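What follows is a pair of complexes built around subunit A, which joins subunit B in one and subunit C in the other.
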Partner chain A sequence: MPEMTEDDIYRTSTQYRIWSFSRELLLSLRSTTNESAAEGVKAALHAQKAAEQEQSSKQDSNGSPLQEVDCLSVDEEQKLVVFYCVQNMRFADFCEFPTNVKATAVQYLKRFYLSNSPMTYHPKEMMPSALFLATKTENHYTSLKSFVSKLPKTTAEDVVAPEFLLTQGLRFTFDVRHPYRGLEGGFMELLALATGKGQSRPDNGASPTQLQKQMEGLDPANGGNKKSRSAEEVVQRIQDAHGKAKEILKTSALLTDAYFLYTPSQIWLSSLFVADEPLARFYLDFKFPTPSTMKPKLLTTLGTCANLLRSSASADPDDSELKELKRIDKKLYKCRNPEKIDLFGINKASEEGGT
Partner chain B sequence: MSKTKKLGEGTYAIVYLGQLKADPSSQVAIKKIKVNTEYRDGLSMDAIREVKYLQELSHPNIIALHAVFSSKNQNLNLVLEFLPLGDLEMLIKDSEGIRYGTAEVKAWMGMLGRAVWFCHENFVLHRDIKPNNLLIAADGEVKLADFGLARSFSDPYRPMTYQVITRWNRPPELLYGARFYSGAVDVWSMGTVFAELILRVPYMAGNTDIHQLELICQAIGTPTEENWPGVSKLEGYVGYEKAVTVPVRGKDFYLARFGTAGSVGVDLLMSLLALDPRKRSTARQMLEHKWWTTDPRPTAKEDLPKKGGGLEKMGDDLKRRGGEVEDGRADNVARKLNFGAMK
Partner chain C sequence: MSKPPARNGAPQRHPGEEDDICPVCKSNRYLNPSMRFLVNPECYHKMCESCVDRIFSQGPAPCPVAGCARTLRKQRFRKQTFEDLQIEREVDVRRRVAAIFNRRESEFNTLLDYNNYLEEVETLTFNLLYNIDVATTEARLAAYSKQNATDIANNKALSARESASTEAQLAARKDQGRLRREAARNEEEEERREREEGRREVIDKIAHSTEDPDKIAREGQKVVLKKSTARRNATDRLRAQDAASVDNASVPLFQIAGLTPITQPEPDKAYDPFGGYVIRPTCFTLQEQYEHPWLEKAKTDAQIAAGGYDVGEYCARSMMEAFAGLGVFVEEEVAGRDRSPGADVGTAAAVVTGGD
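Entry: the complex of A and B
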């Protein structure tokens, strides 16, 4: 029986089969979602206006003509979704939920808004539901009552009403593969190498002691000028890189499209590139000691992923970003689909077999 | 897709026979999960677990989830592979009508082992392996079903609940309240299924958790610091007087009961039922065991014994919620709806 590689197994996951895209496809999906949502908004607003005019024409025939609706662009939608992902992360931190619950909830929102527009369903309303669903799927179940008690101005209905809609948008796939375990494993391996306990690979001639020496000779991280000269200093350097990489995985990796475009191992290796490039290159040389066709391909991929991580929206938006978000939110107020605002009502009707 | 016949109904789900509209000869089982009116916290944990893991695990020995769809009233419908030949429990129990030997047991255990290996390779613990969760396809292939208690491996230092696995198949570490455990819990369950396939009755059928531990002490040996370093630190561990301690049973003891499996088969059984989970075989080691290459060869799946009446049995098996059992195996339920502890 042929052995299944880790890659083979990853390719069977829904994250790969359903939730991985090329940049082009991702953009075209979002454009399609945006266009059909805008049409929905316009149609609904026209219908609403027509109904109003019919009402008012009975008394006074001077109804104002409908102005063209100014809908959100794909870019504006994205900014808004990312902002609510940030809010979601803050709320998860406030509830002291573990990282995987927080990270899964953010990915649920990002996945949901590939096929749904904020003009149809406001992210503010989907956010609590996404976080609550993540507590269930990530084995950190918290009763709805205690969950709601931590949220300001939110009722149990607010959390549960959008849940079914959310699960539909997620296409009933709940598993999200994160880069955290890979990161921990990689750093355990680096620490072992730094302390002379590295496992030499059969195709790598270097002994554990030689590998340890190589690490001491590495260029300093990110343009610094001080080389790590002892094993202790190398260990310190690895710990610094670990902290930085972990922070990137908890913020940029979640807020960008990294999960849609790259695999968990590509994401954590890229975070290592951002944190400490010479260390990352050493690690890859250790993993691929002999020339291989895979390595240059991988380096290109990691390079583009690292750039994506560097370009991430801030997990702590500044004043100008907040101003822009307020503008978008204000604009959204005028282009929301009026038929989809009452999620609780919609949920109730469909539970009872209506709609 | 259309539903053609109701196969079974329980409190948790209704199971229908279905077919593709385009191809009336195609058959699937449709499991419609009922909206739980008492559970106001949205989609239930059982449904979430089942859908989450079946969506990810695609393997010839794991029941296939073809699709999930929602019908009106927000019901979740799982379109599952059609498995018309009942389950292993049904074959084990019918000792009058169904005859089988070591070659058949080897075939079934091989299929179970591959299913569990694949779960573990994907970092999933099944946590409810037992004969009536092993359903049989038309071609004789055994399929692991019911992922209502499944979960991903925990991260280090993150506790899990020990209230899982039906009692007769539950390993000693869970009976002692271990909150940190591994795939070894499923391996123990495989050992109990192996023993039950040979004996044709459950090997250790305890009435209570305490009784279950007593039976394990008798059948396998009393867990002590000597044979299982660290066991006394488990929350629920009870010390044993020296006088009542049963030494770990040797190979002769097993040969006397399970001799039909052969000497190598007994070695495998003993490695699955090791008290100390660290010494227990892994699913991978189980598949690498030399029993598989020892005579007799496993029976080809199409030649395995079959039994009628499987259609209704599939309906019964699928309508259950994870950890639930039918009457007759009552008071054997692993589940307690204590979600607070289920982290």
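Entry: the complex of A and C
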């Protein structure tokens, strides 16, 4: 009978098959998207200008010459998308949606803007649609009516119109594997170890009580100087680390490219590294007691992932960042693709054309 | 099974008298012309309908017949089918026993085994009928029905199917009979008409020709006879065909035991959602119990448990997700994928899924 390990199970997911990339690939993908979108914008603006000139030349012949359009760079696009991801999270909090809905919606936006540019479709218009789609795929039913009533100046059509476009951009893969449940699993096992109820692994000779003792002797987290002495203190320490890790997973793990570059279990372990490195190292030593080729590789991967999580754009942009965002938004106003502004009309036309 | 005990109950009376006076309220048919008698299979004491209404409307009550005192319910009173109550009771008992001991001859290896089984069943029935060792007999009955519950249900379903098909056959036969009768009527009519015509012809011939009238009459009769023989032959043929068709229809109902052993269809295998794959986690062994502040409520709250929430299931899933993909190094594995940088995501997805 064929056997499957946990890794094989993850390899069956669409997140691995379609939405996992190397750094270079991610970069090249974004720049290609940016280039083709910029070309599209330029072509569309030229066509518009030409049509206008034709109109005006009938009256008087001195039309203004075509000036070069200044398009957004990849970096600017990224900043804008991240900002709207933050907005999306705020809005999800306002609607009191659970974490998984929020996180899925953010990932939908990030995935969509891998193959689409903000110059073509404005993130502000995609955002409510992504969140609404996430309520459906994460099994958190919200009626369209009540959802729309919470949004200012938005109609039900505005939410639904970009939906098909969004699902197309997502390649009809709605499953997002989050690191949250994995974190709870690790947390449960750490708690069991700390209270002496853990199971020793067959390749690890230490008994549950020895493991408990080892945990009590761990170095303090993040340069503190107080060592935990009792089991209760260790439990408290694990709970603190859990809280911190969860906070990281809720914000920076979502806003960075972690989901594209790493697997959910690597992400939660990295967040544990950020929150409490000695504890995370102890846990890995417990899992891989014998020296193997995998462990150092895993440690470097976790290290880079932890650095990525630390370097995240803040979920609470300050004044200078806001100023920058305003500048990008103004720039975007001039370089939007005029053919794709009326999403509602496009959706309607495609529906009618399709049937 | 030695001697039947003496019949208990009222002394022998004249049949007419017994019919007309209710043994409980002593009212008779003179006073109440529409009197009906009912019995309860609990003790088979007879009483009139108004007594049943009066005594048992309020719920179960003891039997009013002196010395009986069994608790009876109104619901179970019914009209008796046989005049002799002893027979009524025997039929009930036999029906009950037969519903439990419904084995068929085909289930036994030898005829001797089957006969021994029938003998045993008859002994039980006799004991029940004549109140010999009722307690042990009932216990044996209950034990048997408990042990052989599936066999009993199977045989019951089988006999229900058989009786259904017998009924269908009976209906078909009835239909055929009706058609046959109609055909016979038509035939008779036809014959009468022809005879009439023949006679008229003969009379006409006698009236208009100069031949010997006796000769003409004889010839006419011969023609009629010939016709009727031809017809009879034809109807005989038809009848034979009908009979043959009935025989054909009844062929599958003849069951010859022991010729073809019944092969039960193989039961479906349990559904395997993983299609034969065994999931063997390498990074963890699932503990029987985990502690988590969130789960304390789920473990005890009836509202959550009633919906089918299984804490163990959650633990298994979260442990699996904690390590699913830990050894998957995206950077390396993705580089091996056949894909040129900058290709459209859709084509890449097609390549990846197509490659699997």
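The criterion applied here is as follows: the second predicted complex is superposed on the first by the 353 of 355 C-alpha atoms of A that agree within 3 Å, B and C clash if a C-alpha of one lies under 4 Å from a C-alpha of the other, contacts with A are read in each partner's own complex, and residues count from 1 in each chain.
We adopt the following convention: a contact is a pair of C-beta atoms (placed from the backbone, for glycine too) under 8 Å apart; a residue touches a chain by one contact, two chains touch by 3 or more.
What you see is a predicted model, and the numbers here were worked out from it, not measured in a lab.
If you put the two complexes together on subunit A, you find that subunit B and subunit C bump into each other. Look at A:Phe132: by the touch rule set out above, it reaches subunit B but stays clear of subunit C.
In the superposition on chain A, A:Ala43 makes contact with neither subunit B nor subunit C.
Of the two partner chains, neither subunit B nor subunit C is touched by A:Ala51.
In the superposed model, A:Ile9 makes contact with both subunit B and subunit C.
Of the two partner chains placed around the shared chain by superposition, subunit C is the only one that A:Leu298 touches, whereas subunit B remains out of contact. Of the two partner chains placed by superposition, only subunit B is touched by A:Tyr141; subunit C is not. Of the two partner chains, neither subunit B nor subunit C is touched by A:Leu322. Touch criterion met: A:Met188 reaches subunit C, while subunit B stays clear of it.
In the superposition on chain A, contact is made by A:Gln266 with subunit C only, not with subunit B. The larger set of touched subunit A residues comes from C, when the choice is between subunit B and subunit C. When the two complexes are superposed via chain A, 99-107 is the only one of 99-107, 243-251, 315-323 or 333-341 in subunit B with C-alpha atoms clashing against subunit C. Comparing which residues of subunit A touch subunit B with which touch subunit C, the overlap comprises 4, 9, 171, 181. Looking at the complex, you find that subunit B touches subunit A at residues 35, 40-43, 45, 48, 51-53, 55-58, 68, 70, 72-74, 76, 121-122, 151-152, 154-155, 158, 160, 339-340, 342-343.
Those residues of subunit A that touch subunit C in the complex are listed here as 1-7, 9-11, 16-18, 20-25, 28-29, 31-32, 114-115, 171, 177, 179, 181-189, 191-192, 195, 197-199, 201, 261-266, 268-269, 287, 294, 297-298, 301. The touching residues of subunit C, counted against subunit A in their complex, run 274, 276-285, 287, 289-292, 294, 315, 317-331, 333-335, 339, 341-342, 344-346, 348-349, 352-353, 356.
Against subunit B, in their complex, subunit A makes its touches with residues 4, 9, 12-14, 98, 100, 132-133, 136-137, 139-141, 143-144, 156, 159-160, 163-164, 167-168, 171-175, 181, 347, 350-353.
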